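There are two complexes below, and they share chain A, which is joined by chain B in the first and by chain C in the second.
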Partner chain A sequence: MITKLPIILAAMFGCCLAATQPAQDTRVLPEGFVDAAQRSTHTNNWAVLVDASRFWFNYRHVANVLSIYRSVKRLGIPDSQIILMIADDMACNARNPRPGQVYNNANQHINVYGDDVEVDYRGYEVTVENFVRLLTGRTQNGTARSKKLLSDAGSNVLIYLTGHGGDGFLKFQDSEEITSQELADGIQQMWEKKRYNELFFMVDTCQAASLYEKFTSPNVLAVASSLVGEDSLSHHVDPSIGVYMIDRYTYYALEFLEKVQPFSKRTIGEFLQVCPKRVCISTVGVRKDLYRRDPHKVPITDFFGAIRPTRVSTDRINVTLANEDDFITTDELVVMKPFKIVIEPQFPTEFFK
Partner chain B sequence: MGLLSDPSISTQSKLVDGLARHVRKVCTVLYVAGVAWFFCLALPEFNHGTYLSENALSPGLVYPEIRVDANRLAIQLLEELQRERKDHLSTTPHAWIAAKMNEFGLETHTHNYTLRYPFGGGKEYHGKNIYGILRAPRIASTEGIVFTAPYRAASSVHTDISPSVPLLLAFADFARRKNYWAKDLIFLVTEQEQLGMQAWLEAYHDGDRDLDVSKAYLRPGNLPARAGSLQAALNIEVQDLEIDYVDVRIEGLNGKLPNLDMFNLVQRIMAREGIASGYKQTPRKKRRHSKSLFETNLRQMLAMLATQSSGVPNGNHGLFHRYRIDALTIAAHRRATHATLKGQPGSAAVPLLKAIEGIARSLNNLLERFHQSFFFYVIVNNDRYISIGDYMPALVALVACAFVKAYLMWSTLPSTEAGGELDTEERDADTDVEAEKFELPYGSVLIYLTATLLIGFLCNVLPLQQYFLEIPMGAAPLTTSVLSFLSLIGFILPFVVVLPPGGLELLHVAFLLIYGCSLIVIGLLNFALGFFVAVLTVPLVIALETKEDTSRSTLRHAIRLLALILNPMMIVYVIVLAMTFYQFPELPLQKILLRAATAAMDASAYGLIDSVLYGNFLYFVISTVLLPLWIICWTLALSKRRDYADYVEFEESPASSPQPQSPSQAKVKTS
Partner chain C sequence: MGQPGCPTAGPRPRPCGIALFLLALIPLTVASSAKSPLGRDDERFDEELVVRPLSGDHVNTYFQFTTRWHFGHKDNLYHTQLTPRVIAELLQQFDVKELHIGLTQGLWRYETWGYPIVEATSGAEMWAWFSGDNNLTDSEVNSQWSQLANVFSGVLCASLNFVDKTNSISPRHLLRPQFMPAANRKNFVRYSALPREIVCTENLTPWKKLLPCGSASGFASLLNSGHVHNTKYHSLGLKVRTLCEDNSEDNCIVELTQTANLVYDLRLFEQSSSSSSNGDFSLRRLFGMGLNGYCELAESSKMYVQRNEQGERYQLVPPPSPENEEVRSTRGGHTAIYGVYDMHEQFKDHGERLFNVAWLAPKSENRRRNMVKPTPPPLTVHRYLLGHGQERGRIATEITNSHYDALPILVQEVIPWYVHGYLHTLSVRKKPQRVNEYGRQRIPFKLLHYKPGKQRELPSHLEIGFLLPGQTSALITIDVDYLLLKWLEYPPDANHGHYIGSALVSSQLPMGRNYTALPVEGYLFRDSFNATRPSYVLSLHTEALIVSLPTPDFSMPYNVICLACTVVALAFGPIHSVATKMIIVGKPTTTTPKNFIKKLLNKVFRRGGQPAAEGAGKGAGTGAGDGEESREGAAGDAPPGESELPGTGHLDDQPLLEDLEEND
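Here is the complex of A and B:
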């Protein structure tokens, strides 16, 4: 409590009313345990955004991941808590007619590779090994702090993957792939090591649903752009650059996210339905069985923002160590003796007298 | 018969014996099946639609940015070039081209090369290529794409394609203003047709190596600047800025082809720009006639194989294939002047320029060399192809005849078990036969084979020897006389050298094996050549018998005649004759025969020069592989044996032997 409270107090002092909404909703629910379950308990937000594919013609994957990056950053997750992995450098690709710029739309109104993009893992650093080390926290000695997922039992983690997938795997670079089993093992380790409170797993690849099939860890909500046996399709081409700009699922997800403001009442449940088959062509797959809460009652900012649940209290709160008196032994209290404080002069002023 | 009741003979031999009796039928069925399969390939059920398998190309995703001003520039450059051509009737206006390239900001260089012509006492020719490099603005010069335009002087006998150079320069001017090139672009103007191209390529790849200059006929020199490993090349041959259609030429040296993706890419981009384009494209008027799909397809296939079989590239692109650079030629043909619809003269070349830009941008997107699609294919239609997996069975079925026959011949040869295989009559004649073992004359057959191969080898080497070259004689008569002389030796050889008993049968087996192997190898390297040779010669190989059978003397004479006709020299002459007849049907027969003879002599000389300068292996295949095979074939057709008289006597005995080797065996025993 003593560690949590300052953070809660510091967080979003102006957002209390909006953020209390879920808490208010649960109050009308009949059962007490549902109330407990519905209440989000996270204290911080992390995002791991991965583009696993290289090559110029996969420009759209970089646009995908940078668009999501832009959204989560806009909704309040600081750069220090976003791990951005991009397998190839599209912005400075020699084929890019607009050097240093990446767009996610043929209208080119948003340069998603703006001035303030911090890529944590880039180029050939984006490997399966680094990704698994990142998730499980087994980074090698000397790894920069910015390249670590320093989440804890109170973290809500968003994992977004894009690239070229197959049935049961996602290709990294052009040489290796992560299997759905490896992914499930990694997340299980995260759970066992108390590295997340809730995890939102979002993946936009072909046969994306195969990637979350092996998950067993609790508190995981997963959404995939296509079912097993389906291809995920790109949305449109920018004929001035000559590449596909963005994938369909991410495009419609962004369309939704762009309307979300930090204090929005939009829920994850709505977000799961952003891309019906009519527009997506592929069928979006959702896995909810590991998730305890009702997605329609979970604000989207629980994963895409840094809005932690806050409780407004008009009562007095005891901020002393009262709750933790187990740790305070009586011996130590007894040992304490009266003492006198002597303050030494800062300057030897007597010499100048 | 003891043969059948003998328990020591396994059932397999029975099967082999059964097959051996029907070997001709089996082989004929295989032959017919192979040819029928080939014809079936023209049916739409047997070929496939083309598709792009290289994702990186992403053709047609970009809007072309080249505008009408590039066309204006091309027109202006063409006018300037036409003025230059008046001053340079038989030479290339190097200075003008280099000046223009410099003006457009390209890194311009000149490449000098020398040809030491080997024949007729030796002369030296000098040539000059101009090329300009546009360096990729934001990446190291590790990869390059080549755009070439051959320049033909005004005095050239070939069709005028001078607008290619202005078009190339106009595109270069456009490309220089763009920042998205990930590969260096080389704009190359060559002269003297394929010679200049070959010299440039050799200089590009081997120019910095210390080669023995005294031996080389083409001295390519070195290049002052390079642009990394070349990924692809586009050769542009434009007859006029106002074009009717584009013929896409792909056949390269020794029948090699560019990757099918490259052809598909060009087709797709041309279609987007609305240019009538295709493989062996013809003017619209000719295209209108109605033929069945099967017939059109078959014609297209045969036309492609015919072009490939000579191994001579049908454009400058063909020389790139040797260096594993995918290349093709877009040959734009002039619009007939009486065409009713005349486009705006100011924008006539815009579609072509846009197409070149589209191709360039797609090639620019390549991440590695073409590797996805097929390298071995036959184009059936502009959008349909046959892959190597589909057409090889045709050749394999043909060649299988040789192997089946070889196996059956071998299994019925008089081997160490010869005693058991002798039939009753022989056993009666000599009771000790079973005890003795029969030795096949491996040594003499090997020597015979070596001798024939030596003749073939000499064909390849002799015309290039210094003492022959010093004779002040043209290349054609020199080559022809050497070839004829060596063929004559081959012709006489079986009359002079007669193999010991059993030798002919062994030679037959060896012939079948060598024949089969060489055809498969030739067919893999150049399917067209292998297939045509197989179609021509397999009937003879099936018919060929070393067994003496007096009752079928007409067949024997027919085989001998066929063998004589199938002499490689004869075939070359017949092909040239047919072409002459097709080209000049109005000439009297005598003149045609004479003209064909001269042309055939020229052809053999060109074959030799091509093999020396460009590495075309047609001459080598004919002289060093097919000629020795023909000599052996001729020997087998003659079937000269020792003790012919004894043999005839034996044949008159009441029962004839099923084994061809029996008489000779009997001879050994008695001697």
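Here is the complex of A and C:
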């Protein structure tokens, strides 16, 4: 016992040394940022954004999911790493008086649809099966690359779900539902397959907190727009289109995210308090017990942006150059011989003689 | 320079040196290849914009972006420049030789707008030709076809991954390859249409990303989602074809043609703007902004503005380029005049500015009367559903030939598996154009190809050919049954109905009136100028149809359950009581008062005092038994369980009814 103690002490001391060592390398950066960034352990960011409800009167759910899409895209996650699932077409819906545009506000402040949206799963493709396949990486053979979640053990994944939910389930397209158990199993499978480093689970639906209750996987931070037994409410109606524009929780979340810049020091902790009960009417539920970091020290860009922790090195680094064969050989530029193009007759006249 | 980056005193010093040498070499070679005409001839990109005013205050704007790469041998496909990499990879991965994809919203009105430059049907449409050596089998092509659809579902953000064997056919006669099939190679074709597919910004964005300049500059910068989707008709097209010399695979050209065909309704613009603009329009009004320049990678960047027919009445500001101001194209006896704006000229000596062209209509009050009446196209098609109910119907396709001479017609129908067609009911009847009713006169088939469908597996595929006499309409009808789907086969919005894709009609016109399509060997819009040919192959699409299949109504089983339960309950009570109770004849205990008022009071108090639970607990069984015992003839006003009189069979129902009333 007595002989072991100094060793343990030494080990602890060593740990402390190791922890303080990298901080010295990056003194030039603002200290707060460095503090937080050093704790970030991810190398890339992915976002899975799902609107699970169909039909025009669910316009608000599409506005919800597009609000988050707009924010993550603006903060730097490229379209190739955002999987956007939208169950119905609102922008080009015949009932939309402003084709190609979806707003979050009756005053048309922000066109959340934008000019360059890329929807990966749309319409009938938005099913529970496809969603679970996407999360667990068990997509069918031949699925396009843009429809796959190609995350790895270094990925911070943001999952956002919106739609009509109940205690323990979320409806997809009014025809099927995903249960909280299925969701928890899917995330557990993601963890086992090393498909995420940290996962931020956001859900805006009625009784949303019931969806994260069954989670057991580590490194998951979950936030829900309402507790079990509560309804999530919509924000306001636009009389010109006759439907509700957006849900309360996402409305305030977007309001917060609009103020975030890629290098801002806002934290996830602040984001979790974005919609107090006085404005949301429902109580925002947070589940932190699976998450090892303090949300108040996690920059919001860990999930909503694509800022990687970088370390400036002044040391010499060895880089192995590629083999000669890999270079493009330019001496093969041969002049193409022009030829006469012959094309088969485009109409089978032989039948009409 | 570069020494710190090199591995110092490593075992392999040579690669570093060679790499440095190559690094120094690459900028030189790139620069020289860009300058030399040889390198440029191999690959070229052209952008074109055609503006054609149509009748009825419509304007057709047609964008065409063409990349043509003479790549030679297949191995060269690994190094792409202007051609998008996905297209080059496509040719390496699959045996695909030719590919067409169309994403369209809206319906092209042939009667008033004439024929479009590229044909498309509402929704998504896709067909491809595969060409391989003799080992290529049909099932391999099927798997390649679905993989191809999956690739483009990702590339274009469309649900093309729904293309599978349940909605794909192999057209036999109508779709011809745009190459010369070789004798030693096997060719396969697959066709599929998804009429339900919507087209929105998410399709336009990736479509623009395939262009060499993206949407940053050139004509593509005009395609902004808000202004594209504000149109009456918009169609995005993508066509890839490979042309090889004499079937040798060593000297080939790949052509990628991206088209965007839009039709604007000027009356909508007038409504939205406060000032009455008298039918004027400009690039800025159509697209929301002027043109910011040309794509620097484009060999040519030209805008063609039609000056005759509907375009005749407009004055152009600024007028077209002074040299080669107008192109006069005579094609098959039909003349079109185009004003040309060369963007390389327009942006030659000006700095930063936006280029805009305005079309000014004459300021006369009755301009609608001044408009040139459109010449109707020689061949028009329509399609509709006949019959009523959700069980069976009839698909009718009407083809009208207003030309004076007979035209050969080919029709291709794809009937989805949930609609069952009957070949023996197929008929083609005709009528002169002026007559309203179709008579019994039939048109004989010149060719008939029918591949019956299979439930949940294959669509029915029908191709017919006949000769349609001049000034005559033909009505093609086929009777169909609608299938009852399984529970899980209904889409989430089954109320919307199910689609039957449009029919494809092809013909060969002897003259070029209204004909604007590119000649098959050409690849730019300007190749259609003065392209007189002996005949012009026309291809048209009919409207798509929606059928409402019999949808199960879940209120029906609910009603059935309620009714059945009631009937069972009504029957169970008497049967149970008859089966289980013994009827004992006994003397009535005379507790009933003789006095009428007392009798009444007694009755009232007994009823009021009866606990509710007793009434509810008295099910059909015991209640009936009690009532039976308590009956005194038909009067039945004695409280139950007091009088014991012999019950008679025919009274069984009545007490039961009384009990039921009490429970309510």
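Methods note: the second predicted complex is superposed on the first by the 274 of 353 C-alpha atoms of A that agree within 3 Å, B and C clash if a C-alpha of one lies under 4 Å from a C-alpha of the other, contacts with A are read in each partner's own complex, and residues count from 1 in each chain.
Throughout what follows, a residue touches a chain if its C-beta (ideal position, glycine included) is under 8 Å from a C-beta of that chain, and two chains touch if they have at least 3 such contacts.
Everything numeric in this text was worked out from a predicted model, so none of it was measured.
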| item | value |
| --- | --- |
| Touched partner set for A:Val237, first chain B, second chain C, both or neither | first |
| Partner chain(s) touched by A:Phe351 [first = chain B, second = chain C, both, neither] | second |
| Partner chain(s) touched by A:Trp56 [first = chain B, second = chain C, both, neither] | first |
| Which of chain B and chain C A:Pro97 touches, first, second, both or neither | first |
| Touch count on chain A, higher of chain B and chain C | C |
| Those residues of chain A which chain B touches in one complex and chain C touches in the other | 55, 92, 99 |
| For the chain A and chain C complex, residues of the former touching the latter | 54-55, 87, 89, 91-92, 98-101, 113-120, 122-125, 142-147, 173-175, 316, 318-324, 327-328, 330, 333-339, 341-349, 351-352 |
| Residue numbers on chain C that touch chain A, as the complex places them | 4-5, 7, 15-16, 18-19, 22, 25-26, 29, 33, 38-39, 41-42, 70-72, 79, 105, 146-147, 150-151, 153-155, 157, 159, 161-162, 173, 176-181, 196-202, 205-206, 224-226, 228-230, 243, 245-246, 251, 253, 408, 410, 446-447, 465, 467, 491-493, 506-508, 520-521, 535, 537 |
| Chain B-facing residues of chain A, complex | 55-57, 92-97, 99, 237, 239-244 |
| Chain A-facing residues of chain B, complex | 55-56, 58, 61-63, 136-139, 178-182, 361, 364-365, 367 |
